[in-house]
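One structure follows; several queries about it will come next.
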């Protein structure tokens, strides 16, 4: 799979996790593409942490409104039935557990569900923005990312980078498989049939728990 | 003076304390009447803690709106330029020091500015409503009340009833005089010329500080 | 997601012993239809969180008179003598909370905060049993969040996604309670189609609202 | 009370070393005219509280590029490389705050609260130097309120008493900052007569707003 195919494969699998009525916050980058694959017949409300729910697609060219951007600063629209609010209410929604699912990328995630996705000391310190609140407050935290970075492990026994939050991740979806964070460690629930269990374990520093009923990713 | 005359005398004197632009919250009972005596040419915004600023007078008979009452449950109006909000914002305004003046009655007030105006154990326990927040948060707390209650002192060395808040009162206005709470005690700033200093001291348990430039209440 | 339900369906979600928040300020305006249905159903041992208990014959006051409330968290009971009577008789447990603290505790419950630090109530009976926290040399009471099983609120205009506009002085605790309960039911004066409320003028976003019932008019 | 002033009058209230809150989210929308006037005046050693530092050539970003900011309290600096450069060079002191905590700290400043207890940041560098408070067995960070000398905010429609309506996604931190500064100046897209904004649809009551200046259009 090329880069775009991998991105779409992951985004499409994440979209299967969404349920009718869910309020969902999608991080910038890959997670944004989840919106393109929301299953037919289910009604999802997208939250944008700069201050609204009911986010719609990008406007038609020439119809951009400079008062209407998402949390990444991109021009978007709002759907009928949406609502605007201020930043305190936006994070009341996020911290208060009113977001059902958040989907974010990661630099590192570990077998306890610890997450590092906001800085690389000495290299990249953009600030955490809303990420710390999102992964602390959302009912379900899904990490959507490439399984490795330039061959380096990203799914670790223990995060080495500064954390975004402790024990916050529920599910990890990569191009190789779907892993759930459990009390006993990372449970490999589904595997992309293009890979073997050995492939995925080799690409993962943390030890994966392989269940008897390991399923194939059906995207 | 009869009861109504005393009430109006006190209310009128309190109104002289208000300055152009002040945001003012008036408690129920006597303080409500302060609104009738706001000096010409100054613009006062009345706050009602159930959720608006810009409170206007009672509506004309037959024009009462059951969605439009003040914090005492009485039908009122809102002026152009007013604004409605929820109870959290209402008390953000109050606790956050955005109310310039609050005027309240008292059961007891003492020389340190302690205030008791919300309960008499075993007799009357209506609850504090917004009073504790008001006297804690307002920039200036004025007590407007009759100097004594059935001959009993209300201005004490030390409050005996459960407090509404500690050291919160700035000014006491009664039909006998105007007293300021200072570090050294209660300073009698003005006296109603119908009374002597001896009269007012006799009606007051706390010791009054009598300044050289004691003024006459001019109402 | 079907949010529009009947009064019966709404009241069937409310059971003995639940904690319920009810919007309104001195009966202006309580969810009158749902309260009447609660009285008819006779649910009991309710923990009620509300600004006040209105008047004996109006709104929430009737639930008190009907002895359906076991515990009450409120700022003011002076307008309903029956509340005081039941409290003095030991039939009703009452926790009196300063109104601003009550609002902020409910908001904290909705916002996922562990509590707020307020100067209100310091040096009074309100501080009894509470932790005092010093921040930069000033003392504050630690007041804990409030949550509920059900919030019963009132809206003037509600669209079918649950977006709410309140009317005038009826806003009060409703938007806060909408954030702090497991299930939120709004009693609507008027139910409108999605899109009829401008997104800028929504006061409670529909994501907070689980169900909508029609109001008295 | 005359609230309508010129940009010059507004900027003359802002002096070296002040703490300033500025509304906006990635430049959508900062008070562009007031920022340009601040650059022209050249005030320096400012402590800036803002969600982000926008982009080098847009809004707040220009104040960073022009080195007028000494200390920055913000949630995100990734869109303005110059902010990171000055931070790494030790020219700019930066305190990074989770966005929800930043919003709540500003609100707490406006609301007279001594602080809030949030789970956000626990177990991360954010907790360094902060008090951890346990409430009912759960841990929270005590985050302190923020206040400022001046808040510079933006409104779509502002009446002459200062009542504000924001447009769409431009609401963000503006209503919070309006509560938390000694002096609040709003840059208005459109200034209207008192009474033209329905009292139900006011988003920031005029009592919070000290001065109004006209906006860029």
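Letters A, B, C and D name the chains as they come in the text, with residue numbers starting at 1 for each one.
As a working rule, a residue touches a chain if its C-beta (ideal position, glycine included) is under 8 Å from a C-beta of that chain, and two chains touch if they have at least 3 such contacts.
All of these numbers come straight from a predicted model, not from anything done at the bench.
Trainee: What are the mutual neighbours of chain B and chain C in this structure?
Mentor: D
Trainee: Is the C-beta contact count larger for B-D or for A-D?
Mentor: A-D
Trainee: Between chain A and chain C, what's the gap in Å when you average each chain's C-alpha atoms?
Mentor: Comparing mean C-alpha positions, chain C is 35 Å from chain A.
Trainee: What's the distance between the Cα centroids of chain C and chain D, rounded to whole Å?
Mentor: Those two chain centres are 32 Å apart.
Trainee: Roughly how many whole angstrom separate the Cα centroids of chain A and chain D?
Mentor: Computed from C-alpha means, the inter-chain centre distance equals 29 Å.
Trainee: Name the residues of chain A that each touch 2 or more other chains.
Mentor: In chain A, 52, 78, 84-85, 91, 95, 136-137 touch at least two other chains.
Trainee: Where in chain C do residues touch at least two different other chains?
Mentor: 104, 107, 111-113, 118-119, 166-168, 199-200
Trainee: Show me, using the given definition of touch, all chain pairs that touch one another.
Mentor: Once each pair is checked, the touching ones are A-C, A-D, B-C, B-D, C-D.
Trainee: Quick one: in the complex, what on chain D touches chain A?
Mentor: So the residues of chain D touching chain A come out as 25-29, 51-52, 74-79, 84, 87, 96, 98-104, 106-107, 118-126, 156, 166-176, 203.
Trainee: Using the touch definition from the top, list the residues of chain D that touch chain B in their complex.
Mentor: Against chain B, chain D makes touches at 1, 107, 109-113, 159, 161, 163, 179, 194-195, 199-200, 202, 205-208.
Trainee: Show me the residue ranges of chain D that touch chain C in the complex, using the header's touch definition.
Mentor: 104, 108, 111-119, 133, 135-136, 138, 140, 142, 144, 165-168, 199-201
Trainee: Touching chain C in the complex: which residues of chain A?
Mentor: 20-21, 23, 43, 45, 47, 52-54, 78, 80-85, 91-93, 95-98, 136-137
Trainee: Quick one: which bits of chain B touch chain C in the complex? Just the residue numbers, please.
Mentor: 48-52, 65-73, 78, 84-88, 90-91, 94-95, 125-133, 136-137, 162-166
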